[in-house]
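Each of the two complexes below includes subunit A, the first together with subunit B, the second together with subunit C.
Up next is the complex of A and B:
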């Protein structure tokens, strides 16, 4: 079996054009995401100065520190304090610079906004806990539903354990890294090119009739092909996620793995006490699971059509549209515009069932979202994980069944 | 003879006609959904439409007077709310007078969003009232014109072109047919030229069909007034220098889109011919089309001049008020396509 998997991997990977495409995709991403950002940050004085200022005051936000920040901000407002000499900021995305007389004010505004966020986050958390405790009392008094009581108890339990946030370098690196998931397009292109010939290639070259009657038999060959597809999907997902992470981390110098993920504003109402490092691992895991589901879907299409062209077309349509749906519901407003209310509700339902939402793990961890499962509150990320695993098993077993029964769409003609 | 045989392979067969029909239906459905969504989100759309229809056409002194009077009425009515409330409480205003005022207030409050949008258009027309007749903007209800010009199914069209042209070109290499063709009387080079002609005819047919159907769809479903008004009457083209009517500009824009599509089809054809492997060629074409989209947040200029944007041309026109940038983009794409084609033919 292991030998068969090795042979399948060898067959899939030993193609010159694959490596050329992989190299091209990597170079493209490193240049346009890594290098351009790195250049923009290194040549933008205000970002450097913000970093320097924050480095001096970083650490837990004490009352004294907060008052100092407000005092500095007040002085800047009055025009009697200048913390930086450089008065240039980038003009749009053109890379040109312009004189900006408000550079100091921008710096202090961002520092003040970050400090205020920390203060407000702590207040909001207290409000959420108090509200949940009041709800529990009311539900007990009025004999409310068991699920609602457990839900509120869960809220209290999770929000009470939250760690205090610290003032740190607000360089946006983590924010962009967690929000930007367009490298999924690279993954989908590469998987489509890589896995289309898994079954279709065999039929097109006529090798199927020999393989089918060989000693290894149908079962083992099918399993070997599916396992190798899974292995390749995992490796490819890890590779692209690593490239993407490196592009961001080198540009923004992203460290601070031990900070709570709530330090990033997108997670301001999150009940989870993950550190940033843990969330990076979750992102990796979700991306890999998504990649395996896509890989098995392509394998199914490859077996079902047993021809490269329909596999490529249907693969591009199915994967493209599922990614498009998740992109539409998670993209910022300035790209997709205001989403109508009825569609917003559809989007929220889709988050639980469409596996392409896995590439946006922040939608599951940025707030307290649970569903009622036998009167127990279950977090929505478990739903999508289970859905995706079932999807993988469904497509895997369907492909296995089609292969061993030698069923293709060609037979229907 | 050979040309028609190739045309039959690429266009005149049941599968292809069905695919084109499905894509056309899909693009109309998407446009319908998108337009309805966009219009619904605009403030005071009904009132804006009423104002536009009331004063549609050239800006005359009488219209100017009426519009300014409406501005004055709305502004003063809204501004007098607190004062009138106070007067009513103090008894300086009778109940009838206060009710009359409230009626006027509700009218102003209901219409202010739509009127503000109309007033912007009025100011735009007023600023260009000294222009020559052919470029002078008119007052017009332009919401659906804006949508018609911006809605263009470039993703669907490029997907169609990619998945039709690549297998069509690489099919000979996948089936090893090229060995026979190479020694045939017509030869490989002649066949390539005939095939590229068939591909271009396919592209022209599909493009014209899409452009025409979109226009007819908008004309029947929505309101497109003032076909003969100057293009500057429409908000998104207010800085245009060309002296064309709206319908004339739509035809010109369709032609520009057609030319870009032809160049992109040549690029897809040449890439496929150069790579020869079906899967690798699909990978390359998808990468060329989708990577600029993937990096749009970090390299917006790349997305602006990418095949997806170039196909609809409207993104470039929205950013640049002149047409020269379009021609430079066209020339660059033509050079790239020509070079790839030249190399591919040399390597046959």
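Up next is the complex of A and C:
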């Protein structure tokens, strides 16, 4: 079986055009995310000032630091903190510089964000815990539902062990890294190109008939193909996730893996007490699982249509539209605008589920999204994992069945 | 050893590709002859278990092949019409892969068998070459090589000589003849010469129907007294080509000798009845007037 998987991997990977596409996608992402950000940070005096400011305040939050930040913040509120009067920032990538009248805005907003974060962070957690405790008392008094009591108890338990607040100059890098998952598009493009021929290629070349007439070609080949698709999906996901991480880390020098993820602004109300490193692994794991599900879906389409072009088109439509819809409902308002009133409930629901995680991981992991499972609060990410695994098994077994029974679209006619 | 094809029908919607086909095959070479679209490949694919029939059954030694499953496929060797296979594989890698799929033994067994097959089909020079870079004839040989890899009891070859030059065709014919003992070999083709000299029995398939099945002599006897040679002036060749099924034309000065297949004797001065060959039978049954016979002999 292992030898067959090796052959199937060879069949898929020994095509030159694949490596060219992979290289092109990598170069594009390195330029689009890595180089442009790196250049902007290195060449923009404002960003350098911001960086210096962040370096000054990084490390564990002391009383002195806290007061300094609040003092700066007050100056901003009064309009008297202007570190630089006139600053030049690069205009696009043309190399020309222009005078920016809003030069101090970036620095000021950075100070403001940190000050608000420090003030709100401790306040938010305190409020959440107090609210949950009040709820528990009320629910006991009114003989409320067991689930609601347990849900509030869980909230208290998860928010009580708040870690000491640490400020890091790499905040921005982690923030962007956890906030955007747009490299998913690269993954989908590459998986589509890579896995479309898994079954379709064999039907188009006519080679399927020699496989089918061999002693145990059908069962073993189907399994080998599906396993190799899974292996390729895992490797591809890990590759793009690593490229994405490197692109961000080149610009922002992202370290501090052991810090609690709650120290990042976007996770200030997260119920999870993960470290940044753990969250990176979680992101890798989810991305990989999603990639396997997508890979098996492409395998199914490849077998169902048994032709490359319909597989590519249908795959692009199904995967692209699901990502697009998820993006629309979970992206910040300044990107997609106001969601129409009638769709807001859908949007809110989606933010608590898998779509939210795939597009903006921080949105999902910054909320207490549970469901009632036999009166116990279960985090929806468990449902996401189980659903994704079931989806993988469903598409895997469906494809296996269609292939071994040699089902073709012609049979439907 | 016998393979019984029992009332097999294959329909695609309202189109019938194969209609109630029945035949019993025993050891030896069988030629399945018919024009393009006659249903030869459909039958070959059904026998090879790559296509399910709409109705009917195939029995091997009295046991349904559906029930035999893997056991039946273990007896099969199939070289399909299309021979593009895996372009990026080397010939040897491809054959070893097929050896794995056919489960012919351990890694060493597979290597040994591949060596033998490469030798039989004279593929030694190209065993390291990528299949995509092989000539049509070589690809065809590779296709046959993978088919005989498991020393099959039932060997099905679909258009095995497509793309081969005459020398290679003869060579392939000889190989098939040598291998035909103690196995059923079915050659589906529309090229008469592929089977004329080696097939023990011939099946004529037309629009999904089996119209003749018998030994070469039996089939040829059915068109005895229907093949004629006539000599006519050159300027009358076109007229005869329209009126009769002309097998070939040989020009000689102002005259031309025509070989004609016809139910009735043509009205010509120099007319002789000749012994039919399989090509005559093909033309007789498949009713395909060869337009190219309208040769302009005046040039």
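Brief remarks follow.
Everything that follows uses one rule, which is that the second predicted complex is superposed on the first by the 346 of 413 C-alpha atoms of A that agree within 3 Å, B and C clash if a C-alpha of one lies under 4 Å from a C-alpha of the other, contacts with A are read in each partner's own complex, and residues count from 1 in each chain.
In the analysis below, a residue touches a chain if its C-beta (ideal position, glycine included) is under 8 Å from a C-beta of that chain, and two chains touch if they have at least 3 such contacts.
Worth saying up front: this structure is predicted, and the values here are computed from it rather than measured.
Per the definitions stated earlier, placing subunit B and subunit C onto a shared subunit A by superposition produces no clash, and the two fit side by side. Once chain A of one complex is fitted onto chain A of the other, the partner contacts of A:189 are limited to subunit B, with no touch recorded for subunit C. Once the two structures are overlaid on chain A, subunit A sits at the apex of an angle of 80° toward subunit B and subunit C, using CA centres and rounding to a multiple of 10. In the superposition on chain A, A:71 makes contact with neither subunit B nor subunit C.
Of the two partner chains placed by the overlay, only subunit C lies in contact with A:214; subunit B stays clear of it.
Touched residues of subunit A, counted separately for subunit B and subunit C, are more numerous for B.
Judged by the touch definition given at the top, the superposed model places A:7 against subunit C, while subunit B stays out of reach. Looking at the shared chain after the overlay, A:376 reaches neither subunit B nor subunit C.
Superposition on the common chain A brings subunit B within a closest Cα-Cα distance of 10 Å of subunit C. Taken together, the two complexes place no residue of subunit A in contact with both subunit B and subunit C.
Residues of subunit B touching subunit A in their complex: 37-38, 40-41, 159, 163, 167, 174, 275, 277-280, 282-284, 286-287, 290-291, 293-302.
The residues of subunit C lying in touch with subunit A in their complex are 12-13, 45, 48-52, 70, 73-74, 76-89, 97-98, 100-103, 107, 143, 146-147, 150. Of all residues in subunit A, those touching subunit B in their complex are 17-18, 20-21, 24-25, 28-29, 32-33, 36-37, 93-94, 180, 182-183, 185-186, 189-190, 192-193, 196-197, 204, 308-309, 312-313, 316-317, 337-338, 340. Residues 3-4, 7, 10-11, 14-15, 205-217, 220-221, 406, 410, 413 of subunit A touch subunit C in their complex.
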